[in-house]
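Before I ask anything, let me first share the structure, which is written out below as C-alpha cells.
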Amino acid sequence: MTTIVKPEVKQAEDTPVKKNKSSVYKTEQLNLWYGSNHALKNIDLDIKENEVTAIIGPSGCGKSTYIKTLNRMIETIPSVKTSGVINYRDKNIFDKEYQVEELRTKVGMVFQKPNPFPKSIYDNIAYGPRIHGIKNKKILDQIVEKSLRGAAIWDEVKDRLGENAYGLSGGQQQRICIARCLAIEPDVILMDEPTSALDPISTLKVEELVQDLKKDYSIIIVTHNMQQAARISDKTAFFLNGEVVEYDETNKIFSNPSDERTEDYISGRFG
Amino acid sequence: MAMNEPQISVQELIAKKSNRGLLAFTEKLIPKILLLIATVSVLTTIGIVFTLIFETITFFTEVNVFSFLTGTEWYPFANSTPTYGILPLVVGTLKITAIATLVAVPIGIATAIFLSEYASDRVRRFIKPILEVLAGVPTIVYGFFALTFVTPILRSIFPEIAIFNAISPGIVVGIMIIPMIASLSEDAMSSVPNAMRDGAYALGATKLEVAIKIVLPAALSGIIASTVLAISRAIGETMIVAVAAGSTPGFDWDVTGSIQTMTAYIVQVTTGDAGYGTTIYYSIYAVGFTLFLFTLAMNMLAQFISKRFREEY
Amino acid sequence: MKYVNHEEVAAKTKTRLTKNTILKGVFAAATSFGLIVLAILLYRIVTQGSEYLSFDFFTSFASRIPENSGIKAAIQGSIYLMLVVAPVSMFLGVGTAIYLEEYAKKNKFTNFIKVNISNLAGVPSVVFGLLGLTIFVRFFDLGISILAAGLTMSLLILPIIIVASQEAIRAVPNELREASFAMGATRWQTILRVVLPASIPGILTGSILALSRAIGETAPLVVIGIPTILMFTPDSIMSTFTALPMQIFDWTKRPQVTFHDVAAAGIIVLMGLLIIMNSIAVFIRNKYQKRY
Amino acid sequence: ACGGEDEATGSGTASEGSSEELSGQVQGDGSSTVAPVMEAIVEEYAAAQPSVQVSSGVSGTGGGFEKFIAGETAFSNASRPISEEETAGLEEAGIDFTEVELAYDGLSVVVSQENDWVDYLTVEELKEMWVETGEEKTWADIREGWPEEPIEYYSPGTDSGTYDYFNEVILEEEDIVRSATLSEDDNVLVQGVLGSPNAVGYFGYAYYLENQDTLRAVPIDNGDGPVEPNNETIESGEYAPLSRPLFTYVSNDAVAEDPATADFIKFAIGNAGDLSEAVGYVRAPQGVYDEDMATIEELAGE
Amino acid sequence: MTTIVKPEVKQAEDTPVKKNKSSVYKTEQLNLWYGSNHALKNIDLDIKENEVTAIIGPSGCGKSTYIKTLNRMIETIPSVKTSGVINYRDKNIFDKEYQVEELRTKVGMVFQKPNPFPKSIYDNIAYGPRIHGIKNKKILDQIVEKSLRGAAIWDEVKDRLGENAYGLSGGQQQRICIARCLAIEPDVILMDEPTSALDPISTLKVEELVQDLKKDYSIIIVTHNMQQAARISDKTAFFLNGEVVEYDETNKIFSNPSDERTEDYISGRFG
C-alpha cells in the first residue's frame, strides 16, 4: 500500500491545528428516502471548518445524495423525504424558516460535470453577485477578477472575458465553475467528484486549487478516486450502502482503518 | 454444462439456413424503395410550386405583375374595371397576424415558463395534452366561436366594432397558436440541461432568476423559432378568417371593421367556384402563390434561427 | 477584501422571493388562460348543440329541417376519408422517416429533403387545397371523390407524420442497433425487428395526432368543392362524399339560427372524435414512454 | 320550415312512373338560392329511391354552369336564366340541355330592424345606392332626411345568380359599390345586415323569411307605389322588377341515357311546387310544371 | 501491492496450457483514424483461443475503438479509416469479400451498458437464431434454455421468459445480453467494460461467469478496473494513447511490468 499512502505525509503537518477548529456542519441522525428507497441511514458527521473533508465509497452508496443534502439541492427531486438534523453553523437547515436561497449563498457547490452557463465568462462569474443585488460595474469587475484569480484561471482567460464559457476546455470550465462559486464568497464549498470528467493534467490543477482554497474555505469533496482523497483531504468519511462506516483523519483511514469493510474497499476488493 | 437434449450446433444450423444472397439483395433494394418514398415529399413541393406557378403566369398575362404587387385596390368583382392590387389582402393578413402574435407570444411563453420551470411533473403531464387539444380544435370550430361568441362580447364592450372585424378572428387565431408556442418553447426550455439550473440554484438563485436569466436565454433560439413558426401558421390560417373577418379588403390599419386576408379570398372564390378560365379563377393562384412565398420565407427564417443561434452547451 | 455582504443578501432575499411568487402567479394565470378558453369553447358548444344531439343525429342525413338533420353521410364520409389518409400517409411518412434516419447519407440531397419537409409542414392548408383541386381532381381526373380528397389530406399531414416518426426512430438508442448488428443482423433486419417495434408507440402517437388534424381540416375540402346536399353514404373510394367539417361549415353558413345549433351538435361529435383520438395518443405515449 | 310528412305523401304520387327500383349516381351543383328547394327535393327523393345517389353542391349559379359545361354534372341549379356565353359554352361542349322552372323567388332588399328610417325604396334610389361612384355614400345622399351615416353593403358574390340578376335589373351592368361585402355565404350577409342599423343587403326571399324577426324587407317602388315581397306579390309579378323564376338546367343526354337522372328530374318537377312553398319560395303556375314534365318524359322516351 | 496481486495465484494453474493454444485474432500494424484523429497506432496483438484477454488503459486510450474494430462494429462511424490487418482465424476481416454479418455471427459482443431489446426475455435470446433463419420452435426453446443456463441466469428468469427484459435489474440485463450473445454459439466474445454499469454483487456474478465461459469461448474484455483485470484475465494488454505499451501474462503485468508507464498506471499514479 505504500504508493497510495505516500501523499499523506504532507498533510501530517496540519494535524496539530485541527483539534481546535469549530464545526461548520453537524449532521445528526440524518435519514433520507427516495420514495421508498432508503438512501441515507442515520448519518452522524461533524465537519470542521477550514479543512478538506473527503467522502468516499462505492457507486450508489449515497455520497452525492449526502452532499446535495448539505445545501438542500436534494429538494429539487420531488420524491425525497428526510428526517434528522443538519446544523450549519448551529442552525438547523431543515427549519421551516430557514431560507434555502440564503443557505446556498453561504454554501457553494461544484458539480461533477462542469456546468458553466451558456454566457460569457464574465457573466458566468458575475451571475451570483448580480442576482444578489450587486450591480455596480466596478465592484463586479473586481469580484470577477478576484474570483478568477482565486480559481487559478485568471491568467488563462483574462483577455477573453467576453467569450462564451463553452469555448473553454473541460478543465478550464470546471475552474470557471469554481470561480463562479467563489464570487459570492461562500463559507463552505461542496464538490461532487469535481475532477471525474477531467483529464489528468486538469485534475492536478483542480487538486492544487483545492489545497489552496482550504485556507479560506471549508471544503467537502466527494471522490471516486481514493488516491485523490488520500492526496488532498484532511478527514475522510467512508460511506457504504447509505451508512457512514468510518470517519477519521485521512491518514488513519488509508493506513490503518478500523473497519474491515473500509480496508476491503480501499484495497480494491470491491467497488 | 450437462444437457439432456441432443446436442445442436447453432452455428451449423445457421450455416445451413441463412440465405446471404437474398439478404444482400433486399439490403440493396430496400434503400432504393425508401428513397423513392422519401422523394414524394419533394414531389409534393414541386407539385405545389408548379400548380401555383402555371396559373399565376396565366394570371399575369391578363394582369400586370407590377400593379398586382404594388396596387392598393383589390376589386376583382367589379364589372367594368376589376383591379388586382394585392396589398389590401396582404395588409388584412398582417392585421390578423399581428393581433394573433400579440395575444399568443406573451401567453405562450409564460405558459412555457410555468410548465417547464414551476409545474410539477404531474401538472405538466396533465396540462400538456389539454393544450394539445386546444391546438387540435378544427379551425372551422374556432371560426364559429369567433363569430358567435368572441365578436358579440367585443361588440358589447366596444360598440364601434363591426360584426366582421380583424380583432375577433385575430384573437382567436392567437388562441389557436398559443399551444404551438407554449409547447415548442417548453421543449426548448426543458432541453436546457438541469446541470445548468443546478449551477444557478446552488448560488442561491430563485426559480424566477433561474427561469429568466439562465433558461430563457439558453433556450432563446428555440423560443424564437417556435414563435416564427406560429406566426407562419397564423398567416396561413383560413377558416377562422373566412368565417369571422369579413370580405372587404381595405388598405388601411383599421382593425375594427371588416377586412379580407389572402386565405379568405381563396375560400371566397372557391366557394363561389369561379369557373375555369376566368381572371378571377387565376387570381386565386396568384394569391395562393404569394401566400406560399410568405409562409415559405417564415419557415426558412425559423430554420435559420434554430440552426444559426443554437446555444452550445 | 469582502465584496459580498451576507447580511444584505439575506435582507434582499425576501423581496426576491416575493417577486418570484408574484410572477409564478402570472405564469400560472397565463397557463390557465388556454385551459379556460378551451372550457368556455366546449361549454358553449355543448350547451348550444346538445339539444340536437341524439341517436337519430347519427343515423339521419342532412335535411332542410333542422330537427331532422343528421351527420350520417358526413361522419361516414370522414371515416372513409381517414381510411384513405391513414394508410397512405403512414406508408409514405414512416418510409421517409426510415430512409432519413437509417439510410440517408449526410449530403446535400438529404439535407434538401429535410429542409423541404419542414417547409412543407408550414404550407397553409388552403394551398394544399389548390394542389388537390389542380392535380388530383382535375389533372388525374379523380373528380370530387374520397380518393382525391384523401390524397390531398395525406400530403397535408405527411410532414407531421415524417417528423414524428423521425423522432420516434431517433429515440431508439443506438445501443440497440449495435446489439443487433453485433449479432450479425443486416440493417433491414435490424430496422424491422428492433428499430420499428421499439419506435411504434411514438410513430402511432404522432400519426394519430396528425390524423386528428386531417379529420378536422376544412379549407382543402372547401377548395376542392365537395358537395353538402347528398343523401347517401359512400360505397367506394371513388364515391362523391361529404365530410364532417364540411357539413358543419355548411350549417354555419345557413341563415336559420337553428342550423347553427345543429352545427354545434356536429362540432360536439367532431370534438368528441378528436378528444378520443388525442386520448388514445396520450395513452400510448404515457404507457410506452421511457422504456429504455 | 314545417310539414315534413306532407311532402313525403306528395312524393308518393309524383314518382308513380318509377315504381321499379332504380340505382345510379346523379350529380348536380349550382345556385345557393335554389339550394333549399333542391335540398328538399333530394331529401324526399332519397326516401323514394334510396339506391339512387343524388348529390348537389352549392357553388353559385355561375360556378354550377362551369361544372355543367365541363360535363361534371347532370343538372345545374340557377337563379337566373342561362347566359349567352354559357349557352355557347354548352354548344361547344356538345351538351344539349333543357330548362326546368322550379319556383319563383322574390329577391329581397333587407335592412336591420334597428333601421327605422327606410320605409321604401324606388328602383332609382336602389340603383343610386348600389352603384359605385367613387365616393363614400351616406343614407342622407339617397334621400333627404335620412341619417348621415355611411351605408354598409352586403351582397351575394359575383358568381351567384342573385348577383347577376340584381346586376342586370338594378345596376344595369355598372360597378357595384366597392365597399360591399361580397359573399357566397348567405349567413355572412344575414349576420352583416343585422349587425348594423346602417347596413343594407339583398338575397333570396327564403332567406329573408328565415330571419323575419331580425330583418326587415324593404318595399320596392317600381313606379306603381311600394310593393312588399310576399307570396302573392311575387307569384303575380306585382313585386317587380325583383321577382324572378328559379331553374335547374338538365343535360338532355343524361335524361335520355340514364333512367335514374330522368326519374330524379321528373320527381323534382312533380314536387317542386309543394317543396318550394315548404322552404319559403313561391310555386310556379301548374301549367309550367306540366309543360316541363312533358318535355322530360319525351326526352326519356316515354 | 500485495492485495492487488492476490487473485493471480488462482490463474497460475492455467499457465502451462497457454503456450500451445492457437491464435484467434492476429492484429498486425493496425492503424485507425477518426477523421484526422489518429486513435490507434501500429497495433500488433496476437490473441489466443480459450483465454481471457484483458485490455486496460486510461480513458481515451483506444480500448473501445480496438475491440470494436475486431468485429468491424467501428464501421458504423462514417469518419473512420483503417489500415493494417486483422486476421480472424487466418482470414483478414478487412478483405472486400469478407461479409461482416458472417464475422459477427462468429464473434459475439457484450456492451458497456446492458442493452437488451425491448422485447420479452425469450425473444431477446431467440433474436440471433431467428435472424439467421432458425424458426423451429423446439430448437429455439432449447437454444434459449441453453444460453440462459450458460449465462448463469436461467434459474432467475425461467418462470418469466415472456416478460419484458427491461423489468430485470442491471446485472440481470447484462447477463441476458451475454446469453443473447451465447445463443448463436460464437467463437469469440468481445466485452467492453461489461461491469462498469453494475453494482458490486452483479459485477461479481459476471466475473464468475467470464471465468466459466473461458472453457468454451475466447474472451476479450476491456476494463477500467485493474483489480478486475487482475482477477479474471490470463493475458493483459496495456494501451496508452492508442498504442500497446505492454502485452503479457496478466501475472507479469501486475507484479513486474517491463514498462515504466505500465507500472505508473497500475500503481495509480495517473488515470
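All chains are identified by letter, namely A, B, C, D and E, in their written order; residue positions are counted from 1 within each chain.
Criterion: a contact is a pair of C-beta atoms (placed from the backbone, for glycine too) under 8 Å apart; a residue touches a chain by one contact, two chains touch by 3 or more.
In UniProt terms, the chains line up like this: A, E = Phosphate ABC transporter ATP-binding protein; B = Phosphate transport system permease protein; C = Phosphate transport system permease protein PstA.
What you see is a predicted model; the values in this text were computed from it and never measured.
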Chain labels contacting chain A and also chain B: C, E
Among the other chains, which touch chain A and chain E together? B, C
What's the farthest chain from chain A if centres are computed as the mean of the Cα atoms? D
Can you check which chain pair, C-D or B-E, has more C-beta pairs in contact? C-D
Please report how many Å separate the Cα centroid of chain B from that of chain C, as a whole number. 13
Geometric centre distance via CA averages, chain D-chain A, whole Å: 86
Determine the centre-to-centre distance between chain A and chain C, using the mean Cα coordinates as centres, and give it in whole Å. 50
Multi-chain contacts in chain D: which residues touch at least two other chains? 29, 57-59, 185, 188
Residue list for chain B, restricted to those that touch at least two other chains: 23, 147, 204, 206, 209, 243, 271, 273
Note: chain E residues in touch with at least two other chains are 101-102, 105, 132, 184
Could you list each pair of chains that touch, in label order? A-B, A-C, A-E, B-C, B-D, B-E, C-D, C-E
If we count contacts the way the header does, which residues on chain B are in touch with chain C in the complex? 23-24, 26-27, 30-31, 33-35, 37-42, 44-45, 47-48, 51-52, 55, 106-107, 110-111, 113-115, 118-119, 125, 127, 129-134, 136-141, 143-145, 147-149, 175, 178-179, 182, 204, 206-209, 229, 232-233, 235-239, 242-243, 263, 266-267, 270-271, 273, 284-285, 288, 291-292, 295-296, 298-300, 302-303
Within the complex, chain D is touched by chain B residues 73, 75, 77-81, 147, 155, 162-164, 243, 246-248, 258, 268, 271-276, 280
Over in the complex, which chain D residues touch chain B? Could you list them? 29, 57-60, 62-67, 69-70, 132, 152, 157-160, 167, 171, 173-176, 178-185, 188, 191-192, 195-196
Residue ranges of chain B in contact with chain A within the complex: 120-121, 193, 195-206, 209, 213-214, 217-218, 311-313
Partner chain C, residues of chain A touching it in the complex: 99, 101-102, 105-106, 129, 131-134, 139, 142-143, 146, 183-185
